[in-house]
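One chain, chain A, appears in both complexes that follow, with chain B as partner in the first and chain C in the second.
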Partner chain A sequence: MASIEFRNVSKMFGSQRVLAPTHLGIPNGEFFTVVGPSGSGKSTLLRLIAGLEVPSTGEILFDGERVDNKPAYSRNVGMVFQNYAIYPHMTISQNMSFGLEAQKIPKAQINQKVKEVAKILEIDGLLAKRPGQLSGGQKQRVALGRALVRNPRVFLMDEPLSNLDTQLRERMRKEIRLLHETFQITTVYVTHDQTEAMTMADRICVVNGGEIQQIGTPEDIYQHPANIFVAKFFGSPAMNVIAGRLVPYKETLAFEPEHDPERLSPLPADLAARGREHVLDGPVFLGFRPEAVGQETSGTAWEIPFVPVTIESLGSHYQIHGQWCDQPISLSTSIRPVRERHKVLNLLIPWTDVHWFYEDGSRINFAAPVRVRQEA
Partner chain B sequence: MAQARSLTQNPPQSASAARSDSWGTRIKTSILGYGLILPSLLVFLTFFYGPAIFLAYIAFFHWNIFSANSTFVGLGNFLKLFHQPVFWQSLLNTAYYVVVLVPVTALLALALALLLREGLSRRGGGISRAFIFLPHVTPVVATSIIWVWIFNPQFGLANTVLHFLHLPALNWLESVHWALPSVMVYTLWHSVGLYTVLFLAGLASIPRSVIEAATTDGAHGWRMFKRVFWPMLGPITFFVVVLASINTMQTFSQIYTLTGGPHGGAGGPAFSTTTDSLLIYQTAFLYLHFSLASAMSIILFILIMTLTLIQKWVADRFVFYR
Partner chain C sequence: MAWDALWVHYFPQFVGGLEVTLGITAGAFALAMVWGLLLAVARLSPWPVLRGAADTYVTVIRAVPVLVLLFLIYYVVGQVGFLQLNGFLSGVVTLGLFYAAIYSEIFRGGIQGVERGQVEAALALGLDGPTRLRRVILPQAIFAILPPGTNQLANLIKDTSLVMTIGVGDLMMQAYKAGSTTFEYLNMFVFAGVFYFALYLLVSRGIVRWEDRVRQQRHG
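After this line comes the complex of A and B, so read on.
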């Protein structure tokens, strides 16, 4: 078990940058998920920890001890691959004891450990079989067991569940989380699935284009996304983001949407005051989550017109997709909507549930000191 | 619409049609099929199976190319062979040649492939691969002549190298003991590239994630080779050994060129390089004993078959990864 630290770590493949200089600290025993779209550099980050890639700059430390100059075979990491990567020519028990044999542990002790872990993972009946005889879910368990049995310093998982069907994936999600609670091994878990990242992580690291966008707890990331990318990446349907600008309006300020400039939305007094400090009259993005619509609020609300186009029932709730002029808007509600398409509705979004973003996509944090804007 | 309707109505019609004249259709299809393979079948029958069958036929006759009357002698040709010391000598030479050359070739090719795999990602990796493969695309007769010069005891490169290494000079092709090993050296040089490329393909077919999993499992160097590469190369190793065995058993051109060439005397000195394919050639086309040569060919065929079957039996027992 170990803590992991990245100091200014970057990775180039030829002239292509796959990971920008990165600082990162993962405390001992944490379940840390790395999430991002394909090609975002999340797997590279994991492979750097494993030693399967060498960083172009910077240092990687386990428990304060430098490991980036150590080869992968001496780092004692347990890795689980997307395609399981089980040794096809060995039995399951040989697969699981392979790593322990390299550590020169007595045979009897190896057998005992393998049996122990196999029992926890409910694969003790498969030990004599060969990988070809196993189902996908069983192979996944073997891959987990093979990494676990060595009691590695860190546990690395590269999209381990993406080859499984939905039901099995949900079950394995819980089991991996439980295993983590039992063994308390620092785990870095790479996935492109935001649900997986949200449900499993102690902390999430969002990566895009080789750069870390935000690191935080699942709640933090959902409630205070650092930028539009993070805001839209989490939540389904994605956050509605509307481009526009703040313009003077009577005594106060109003939001003028780009796609419907006629419709000015005046800001409540306190927001206007802070808005003036932060953005003045520059372009701005307003975002709201599909489920924010129609929430009870003691304060004032943002009122927008909405034409529903499709209504999807998910049993427990409904997803409604429609438009405000030609701006697509998605809603999520547990109240059965009136099944009347193409009729203009008025939506009320509490101003407290509205996320504000600068022109460059980064979050406007009204609580924080005013950001100095660079004038052109 | 009309098209759609006809599409939906057609199946029952065609089904009944197929039932009523299924024989006719089948025969028509067969005629077309046989017609299409006929040209290549004719070529094969005329130039491959035909002569092969004819060869098997004359092996049991006293057959002469200059006279029409041939007499049936049963196993007489085979018995005659068994009483000729040169025949046994040729079998022994061939066995020596195959038993030494095949393992050496396979091991060297495997070693080169492993080295190249390490190096391929680095600069010059592709060039080294081309460099190793290049001898295999050169014509055997032409490069054999170059190696005759290399093996020249007085001014050849081979002895220069030995001298540089402070080793005694050899008589190479002129020595009874070293002539066949000289041919082996040439054959190794000429063929190892092919088997190296085969092993490289085998290595490339091992999933990268399996190698990476073994790496994170603490395996490297010899352990990685023994536990991951070697077992997973099983099928390709089997293929390489079979191919190399068949190729070496049939070696002819380089022995002919290196040890005598068109001026005669091939297979020497003192029959030390007379392998069975060379003996077959000499018996048939130098001494014109076609029946004897045919009998020898049949024996060679049986030997190659037996060896391959033994190898397959071994592979089935020990190559458990497919």
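After this line comes the complex of A and C, so read on.
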């Protein structure tokens, strides 16, 4: 087991920057999930740890020891690939023992270790079979087993569940998490699936365009997104984000939506004071989660008009997609709307559930010191 | 002389010629496989000098007719003091070097056809280059290599007939000798053709059966 550290690590493919200079620390034994859309650089980050790519700049350290100058085969990492990469010309037993044979470990010891891990993964009955005879879920377990038998310092997984059906994926999520609790190996898990990231991770690293957007616990990421990208990436339906500006209004400030400038929403006094400090009457984005609507509001609320267009029943709750003028809005509620579609509803969003973002998309943190605004 | 009498009379000579043909085939094939694999690995190497040298070798060798190469090796290289290659060895070396260039292309295609993830998995499992090649890449590349490889082996068997031009007593030479003794050239070359055909059939069927067995083993 090892801690992982990135010191100013970047990766270029020719003139194309795939990973911006990155500083990153993953403590020993953590389940660290890297999430982002396709082409965001998340797999590159994983491959750099594995040694399958060489960094263009910077250093990678395991337990404080540099490994970026070592070849992949001497780093002692266990890796599970999206397509499993099990060897078709070997039995399951041979597949699992293969890495240990390369380490010149005695045969008896290898067999013992393979049987132990196979038992934990419930594939001990498959050891004599060939990969061609296995289902997707079984192949996945073999791939996990092959990586685990080596007692790797670091466990790397590259979208390992993306080829499985929904039910199996849910089951494997729990099993991988259990495996982590059993073996306590530092794990870096790459996925594009926000549900996987939220349910499995100790901490999540959100990547986009080769840059780390935010690192935090699943709760942090969901409740305090660092920017609009993170805010919209997590949650289904995505967070509703409204562009507008803060304008003086009577004794306070009001939010003036870009798409409906006539409709001013006055801010409560405490929020207006902080808003004035941070935004200085400038453009802002306000975001609210679909589930924030219609809850009991102990304080004041932001009131917006909403025209439902489609109502989707998901059994336990409803997703309602509609509009405020031309602005699409999505809601998630357990109460079926009784009103007819295309009739205007008045939505109440508690101001405490509203997320604030600067013009550049970064979060306005009202508790933090005021950000110095640069003159153009 | 009647057809069957000819057959009986010259059969031992043809068998002797067949042994020489088989010897040259086996030697040249072994050399072509080993040298061809090394060339393929060199051509996939990250080092430009090695890659360039291997590419040049393959291009030059494939551009020169086998017969020209055979004469060069037998009459020029083979007569250099310390080498002194006889006709048999000249045939083995010539065909080995020529077919190595062809097999290097086949190997390269097979190696490149192995899924990248398989190679990366081997890297992550702690395997060095030679072990990766031997235990992971080649066993999977084999099915891509076998069909064109078998075709080229058939060509190699046929090309052994060129060694008669430097006086080696192979199958073709025996047919030619028997023909010039009896003036039954047609019959003798038909005999030789039958031997070549039987040899090709044995080799190709053998490889196909072996391939089927391996496939069954692997896929249950």
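Here, the second predicted complex is superposed on the first by the 375 of 376 C-alpha atoms of A that agree within 3 Å, B and C clash if a C-alpha of one lies under 4 Å from a C-alpha of the other, contacts with A are read in each partner's own complex, and residues count from 1 in each chain.
By definition in this document, a contact is a pair of C-beta atoms (placed from the backbone, for glycine too) under 8 Å apart; a residue touches a chain by one contact, two chains touch by 3 or more.
Quantities reported herein were computed from a predicted structural model and do not represent experimental measurements.
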Clash or fit, chain B versus chain C on superposed chain A: clash
First (chain B), second (chain C), both or neither touched by A:310: neither
Partner chain(s) touched by A:129 [first = chain B, second = chain C, both, neither]: second
First, second, both or neither for A:236, with chain B first and chain C second: neither
Partner chain(s) touched by A:88 [first = chain B, second = chain C, both, neither]: both
Touching both chain C and chain B, counted on chain A across the two superposed complexes: 50-52, 71-74, 76-79, 81-83, 85, 87-89, 98-99, 102-103, 146-147, 150, 156
Parts of chain B lying in touch with chain A, wherever the complex brings them together: 207, 209-210, 212-220, 223, 227-228, 231-232, 234, 320-321
Residue numbers on chain C that touch chain A, as the complex places them: 115, 117-118, 120-121, 123-128, 131, 135-136, 139-140, 217-220
Chain A to chain B touching residues, read off their complex: 50-52, 71-79, 81-83, 85-89, 98-99, 102-103, 143, 146-147, 150, 156
In the complex with chain C, residue positions of chain A that touch it: 50-52, 71-74, 76-79, 81-83, 85, 87-89, 98-99, 102-103, 129-130, 132-133, 146-147, 150, 156
